[in-house]
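Chain IDs A, B, C, D, E, F, G and H follow the sequence of writing; residue 1 opens each chain.
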Amino acid sequence: MRETLDALAAGEITPAEAESRLKGYATTEAGRFDAARERRRGIPEAILAEGKTPAEAAAMATTAVETTGRAVVTRVDDETAAGIREAIADAEPDATVEHDERARTVVVHGDEFEPPSLDATVAVVTAGTADRAVAGEAATIVREIGADVDRVDDVGVASLLRLVDQLDRLRGADVVVVAAGREGALPTVVAGLVDAPVIALPVASGYGVGGDGEAALYGALQSCTVLSTVNVDAGFVAGAQAGLIARAVDAARES
Amino acid sequence: MRETLDALAAGEITPAEAESRLKGYATTEAGRFDAARERRRGIPEAILAEGKTPAEAAAMATTAVETTGRAVVTRVDDETAAGIREAIADAEPDATVEHDERARTVVVHGDEFEPPSLDATVAVVTAGTADRAVAGEAATIVREIGADVDRVDDVGVASLLRLVDQLDRLRGADVVVVAAGREGALPTVVAGLVDAPVIALPVASGYGVGGDGEAALYGALQSCTVLSTVNVDAGFVAGAQAGLIARAVDAARES
Amino acid sequence: MRETLDALAAGEITPAEAESRLKGYATTEAGRFDAARERRRGIPEAILAEGKTPAEAAAMATTAVETTGRAVVTRVDDETAAGIREAIADAEPDATVEHDERARTVVVHGDEFEPPSLDATVAVVTAGTADRAVAGEAATIVREIGADVDRVDDVGVASLLRLVDQLDRLRGADVVVVAAGREGALPTVVAGLVDAPVIALPVASGYGVGGDGEAALYGALQSCTVLSTVNVDAGFVAGAQAGLIARAVDAARES
Amino acid sequence: MRETLDALAAGEITPAEAESRLKGYATTEAGRFDAARERRRGIPEAILAEGKTPAEAAAMATTAVETTGRAVVTRVDDETAAGIREAIADAEPDATVEHDERARTVVVHGDEFEPPSLDATVAVVTAGTADRAVAGEAATIVREIGADVDRVDDVGVASLLRLVDQLDRLRGADVVVVAAGREGALPTVVAGLVDAPVIALPVASGYGVGGDGEAALYGALQSCTVLSTVNVDAGFVAGAQAGLIARAVDAARES
Amino acid sequence: MRETLDALAAGEITPAEAESRLKGYATTEAGRFDAARERRRGIPEAILAEGKTPAEAAAMATTAVETTGRAVVTRVDDETAAGIREAIADAEPDATVEHDERARTVVVHGDEFEPPSLDATVAVVTAGTADRAVAGEAATIVREIGADVDRVDDVGVASLLRLVDQLDRLRGADVVVVAAGREGALPTVVAGLVDAPVIALPVASGYGVGGDGEAALYGALQSCTVLSTVNVDAGFVAGAQAGLIARAVDAARES
Amino acid sequence: MRETLDALAAGEITPAEAESRLKGYATTEAGRFDAARERRRGIPEAILAEGKTPAEAAAMATTAVETTGRAVVTRVDDETAAGIREAIADAEPDATVEHDERARTVVVHGDEFEPPSLDATVAVVTAGTADRAVAGEAATIVREIGADVDRVDDVGVASLLRLVDQLDRLRGADVVVVAAGREGALPTVVAGLVDAPVIALPVASGYGVGGDGEAALYGALQSCTVLSTVNVDAGFVAGAQAGLIARAVDAARES
Amino acid sequence: MRETLDALAAGEITPAEAESRLKGYATTEAGRFDAARERRRGIPEAILAEGKTPAEAAAMATTAVETTGRAVVTRVDDETAAGIREAIADAEPDATVEHDERARTVVVHGDEFEPPSLDATVAVVTAGTADRAVAGEAATIVREIGADVDRVDDVGVASLLRLVDQLDRLRGADVVVVAAGREGALPTVVAGLVDAPVIALPVASGYGVGGDGEAALYGALQSCTVLSTVNVDAGFVAGAQAGLIARAVDAARES
Amino acid sequence: MRETLDALAAGEITPAEAESRLKGYATTEAGRFDAARERRRGIPEAILAEGKTPAEAAAMATTAVETTGRAVVTRVDDETAAGIREAIADAEPDATVEHDERARTVVVHGDEFEPPSLDATVAVVTAGTADRAVAGEAATIVREIGADVDRVDDVGVASLLRLVDQLDRLRGADVVVVAAGREGALPTVVAGLVDAPVIALPVASGYGVGGDGEAALYGALQSCTVLSTVNVDAGFVAGAQAGLIARAVDAARES
């Protein structure tokens, strides 16, 4: 503890970093940022922008960069992205800010942040256009965990040929995340074609009875093949779970 | 009306047949058998054995044969099948009785019954073993309506290859009924491969959340291809709807 | 393939058409347009405007016309309709654009597009005023597939007389689509009166428990007559399924 | 109170009758029988046999006859009916016992019981065979309240003609109870044809999604005509509510 | 028919009135107004303003006054009320327009309209402030049917004393409508206190699981007393059903 | 730990007691009995007999008596009760065994067990006969925790008078548990009449939509008064929560 | 009554106070304020601002202060808070107004209001940032009832260490309210660690299936420890129930 | 193909093995056994005994041993286990048969079957006794895939201490399967403590609302930590998914 306090007194670290080291998390007006959890499990703590004002999201992103060197923000609209960009420009002028509009994510890397790099590949697959946002969120998380991402898009079961065309890429991955809405048949079909673990990511499309991703989730739970699932639109969770498996594979390859 | 009464007086027809001609349906202790509906729409009135005693089912089957020349009984267990066989042997010794144990159907044709014959084919497809009973019920109804049945079994999406192997048969049908439980992906995949109308027949397999056919039905309702559906385990309805389409095609071919 | 590339090089076809021929679909910023599917099954690929900006919908409509000679857009509001009209006026000045405000559909036919024509009739029936939008979507699709549409409106079961008045028209159709919300009794009543296949189209009206079309869908699934159903408000699917049956009938008549 | 105690001491009334007069209800091992409620609202307190042993049901029936001169038992199987018959033969040898097997009701009238008689008619309507048990329970209650019952059976909407044939009888009733399972369209159709108040009585038939009467109840709640409903299989409640209306009409006629 | 056409030709009736007499209903751009139904069952056809533009609602109200002498509009906001007032001032300057803001209803009586008057009383009861709008809609309909309305407000079960204070008024009514949201206990408690038929009117208040009136509706369906129910917020239906009973009582009193 | 092992070696304690002291719980073939939890929170660990064979339940009961001096078994049928009685007679001949048939509980007190005694009263209230089993389970637990139980039975809201008669008893309790099924209105009415905390205990009675206690639970969650609830039929939890409050009150009185 | 009227005539009390004394509640345009209930059970009547205009909420708050010396308003947005502040400044210039923005509550104390003070502590615990608003509402109510509040924030189960750190505070409370959304595991974990009664307060966070607090509520109902629950987001109810227990403990301590 | 036919002709392989090599699966009366799938993905094809007669299960087990050298049967009761044992004794006298009664699995290894062996460990964790059957099924599958299984039992969240005691074992695993019913809090707590991927396995315990595993599944879907889930009671799927991850880790370690 002394070390941290010395560093703070010497201005080498920010108060947020000091708080984070001492308590395991840093506090802002808008909530708490849990740096310890990120260190512990290797999964970046994502800041959910939905339900926060642009200012709140920006404050938490700044705190995240100050304490862990990085910020990952999800469900970001354009106004919030601009707010984050501005706040980071003030607080961390040398940081890089990447906004993926379709995935609705913003990733900030501090000047000295060294991104992790894993020897493992995660395929992120979509059935159609409507699945891309959620799949993009998953892909962003996988990348930040350090694994390679192989995007295979628009291979919905209504046109099997396109899926079969991509079989080699699907089979080359260590883990496969399959995002699909509507009737959600794609995760089952993919899991019947590859040997790697498949994680279903149901997407909230569709309407009427079984809409909003319910049919897709039920389909994953009832799949006649082997796969596990996350909740509807839980792109972050799917990406992070895939990342944990990729980390395990990478660690085994290292050994 | 006079004609019917004359025939009854002359012993040429049974009282049940007379009642059926006059009122449009015949009554038994166990309920009412609706001969008029059968004549009107060309779909045999099925007798649902479930919830009836063997004696009640047998009585209704006998009445059906007496009034329309035929009886179709669904959801039949072995005891009920034996009861029907016995009752028919008494009342209509020259009738034929066929019991399909897997489909749980009994079909009785009176001595002089002339089965209809349509120039149309209905493919009845199953994903796996658990779907065969319900598919069998559908197939029985299709046959009784007079269409050819082409059974394509065990082509679930977990093994796409087997499905692709049967593509020519699927494409040769005028209508396709696809029975599938669990996640119910097969109707969607089939509808993406054929040009004919596809009717989804969700099957009550599976367990946990979305089980008992719910996921399969939701999948049909949310399908990203074009198809219509019937309720879970509604083999009779799926077969009859396919039969109505087959009749329309047959009539057009005739013309 | 060479042929396509030659045509492109010669300026005879657009790049979108070339991509569509080579890959089976064309891509725009707003998503992918699946021309191959349209060619394969004879059902126009509909562009769902809901959830897209007017510009995105217009871009996809333009691509559709370029690759298949036609665009069918559903769930269109006035702003989007105007956007499409403008974009088409630029890109395809000789094309015709029809906007059905009640059905919320826009149909564009390129200059040289030859609409299909089937020798088959689909009756599209509504119970009340609230069902007309969804029924209109179904009717638009049926027309684009080439069948004749016979609209029978406002024949809800609360006034049986009006329904009975239209019996001849109902019985004259090869297929019947019945749109009804609230308690959804009409499809069952109609299926009891006609011989043709009936497709229920539940409509999201009503409020409280069972509202938003749930009661109507459940009613279709539990119908004591023979019919199949599509999901709530799935006007496109109902129309397309009716169109597939009409195509089968037409083909049989041709033969 | 003194009067009751004198009567008890003189053996003119049973202890159960005395308890009933003093406390408003009588107690047995199997539960409490609420005589006061019966006196207050004119609706016989029904004893629900389901979930009770034959001995318990018989004991309560005996108590009911002792305190109110009558017992109405619902959901009775054959064994329980026999048990009641035996117990009543012992305790009230001059009482009459009627067991309606289809309605699953047992009605006991003590020797001196004078059944009420109302100048009002309740039509009890069924769609099909499966609705008769529940409708029978309703009819039993209506009769015990004293109104005339007019049973109109097997007029389901799949065969409108039969319904139309019975229009005069339906229009002759002061109240109409309509029992229907499956899609439950009949209450709506009837309410569109008559002027009297209609009470829907959904029946737990059907299977799959919306089965067990759910679709029928939702249909009643969403009806596009005016009617009120009771819960699925609530034959007693429907009959009693109809009886309350009949009592109001009868009282008005008397005045 | 000739008579109607003569009257139209002579300018004695409007085209809408003529259409209404000939077809049983009149049509406007916004939908169909069913005058025949009103005449048949004595219940005014209500125009549901929700989902219509002010202009559409006003047009239908005008048509209603022209064909039946009266318009009843429900779920009216202030803008729509103003629109109706204006349209009626133009078309029917001598008509009276009453807007009940809390009940969200507008009632228009044409110059020569003679409101019905029944010798019967309907009590309309509310548990709390949140139930008044829906109860008001019911009360408006009852009044238009011609029965007396006795409003008993704010007698929720959390303060039994207030309920007991109003017992005489409750017992003086021929029918009782009880509007209650949240846990919906009031209809059951009232039905235990009165002899007249009780109609539960669940109200969409509350939040969390069972909110939006679901708990209140379930409570009515499961009530341990005798009552029937309508759907959540179905003020019109509850009022109309109460009105039908009041009409029956009035007719009996007349006789 | 040494002390325990010495006692075991000296035969002063059983192996189960020793295991329980060392690990905090004792193991049997049928499962684990958690003695430590009982000591920690003062709530007896109940053994749920449902789903266990009589022999398994008896073995766990014996272990419970050996380690804590007491066993409380819930959801006991007669065969299991006999099995427990026999096993206890063998293992702990001086223990007392009480079987409450209606509450379906068995309570065993070892020879030297000193039951706790609290200066606090819990009222356990039922609406009707069907609620007594679940209420009895709650009462058993309250008694074993040491509080006085005041049972107030058959005060359902359909007869308010009986409830009002018991007001003094209800108001004399420190905590009130209210068991009610069907529409579950009683907890709300009671909570409007007393000052003590009320715990709703929904009971799985009723049928149709909202049956099996769902309406009663929703009613508790939506109550317009202040109360908390437990799950349907959770008699043990309601009793134990009431017991925890009684313990807090008793401790405060002691201080 | 005379006394009240004299005081009113003498201008010593307001008409609202007089009405409140005579009828038990005061009426405003926006609804009724139930002063009697507050006096009876010691729980302040909260005014739910949601669904009211700022003017309506302000009027009711003013009435509350006039009749009970205090107003507690929940679900307040900034505009409403300002409206209340202004109205109170006019009507009760010496009153204090406290607006807790996070908890969305406004509390007004009249000049002479003497807040109650109990010798009892309620711990109010949150799992994360998203639970603070609802927990704050509970804490406000507890404070107004007079108990001490101990807030323990951000101790969600994903980081057990932080929870364990706060064990002494949790164990020091007489009652514990645990607010948690998402999977809602915290109430169960806390109830396994403390001896005091625990009240679960599920929070409407989360998305997809089980979102909006449903999973958290189900988790509380299914908890393997002893606790009772309130509905999702029912901060007021949880606080008031905790307050009732605190009052019981305080009263016992006093005695 | 020739090779297979030669071997069959020479009696070196059974017809089932031949069919399996040629078609990818073998057929029996009771259904189809999919040997190819087992070879492809390394997961043994499990035979679900539930819903099959002992004879059918035994026939399929025999076929499985003949074609793949192994049979894994799940949901086995004692009678079926005996049937399998007998059938195998006849057909494959040198095979070993292991029946895990608690896990309800039977595993048969043919004489020459060489079980796979992976350098990877899967922890299988249970919250309580009721979770052991489902966890046992998962453990059996993991073992058959070749990974080491570390069982950590009875560490439910109601007693955190026991969980913390096992932390080293949990952290030593490459994958963790956590089986929990009731409120299902354990997977979330475990995932907060370990770095490896966690798979939730909800168990169908509990009663009332959210029972039968629904609350546990919702809790997994809503978890505030990172994990994926399988359906309720899907022990096979959880074990197989864990096995796929273990295979990936093992393969990486090998490389």
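In the analysis below, contacts are C-beta pairs under 8 Å (C-beta built on N, C-alpha and C of every residue); 3 or more make two chains touch, one makes a residue touch a chain.
Note that this is a predicted model, so its numbers are computed, not measured.
Visitor: Between subunit B and subunit H, which partner chains are common?
Guide: A
Visitor: Of the pairs G-H, D-E or C-E, which has an interface that repeats that of B-H (more than half of the contact pairs shared)?
Guide: That would be C-E, since it shares over half of the contact pairs of B-H.
Visitor: Let me spell it out: compute each chain's centre from its C-alpha atoms, then which one is farthest from subunit E's centre?
Guide: If we average the C-alpha coordinates per chain, H ends up farthest from subunit E.
Visitor: For subunit F and subunit G, let me know how many angstrom lie between their CA-based centres, rounded off.
Guide: Roughly 30 Å separates the two chain centres.
Visitor: On a C-alpha centroid basis, what's the spacing between subunit A and subunit C, in Å?
Guide: Those two chain centres are 38 Å apart.
Visitor: Measuring from the mean C-alpha position of subunit C to the mean C-alpha position of subunit D, what distance in angstrom results?
Guide: Distance between chain centres, rounded to whole Å: 50 Å.
Visitor: Of all the residues in subunit B, which ones touch at least 2 other chains?
Guide: 128, 158-159, 192, 208-211, 214, 217, 221-223, 231, 234
Visitor: Which pairs of chains touch each other in this structure?
Guide: A-B, A-C, A-G, A-H, B-C, B-D, B-H, C-D, C-E, D-E, D-F, E-F, E-G, F-G, F-H, G-H
Visitor: Using the touch definition up top, name the residues of subunit G that touch subunit H in the complex.
Guide: 127-128, 156-160, 164, 182-185, 188-189, 191-193, 206, 208-211, 214-225
Visitor: Would you pull the subunit G residues touching subunit E in the complex into a rising list?
Guide: Residues 24-25, 30-32, 34, 36-37, 51, 202, 204, 213-214, 217, 231-234 of subunit G touch subunit E in their complex.
Visitor: Note which residues of subunit H are touching subunit F in the complex, please.
Guide: 128-130, 154, 158-159, 161-162, 207-211
Visitor: Would you mind writing out the residues of subunit G in touch with subunit F in their complex?
Guide: Interface residues on the subunit G side: 37, 40-43, 174-175, 192, 195-197, 199, 217, 221-223, 226-231, 234, 237-238, 240-241, 244-245, 247-250, 252-253, 255.
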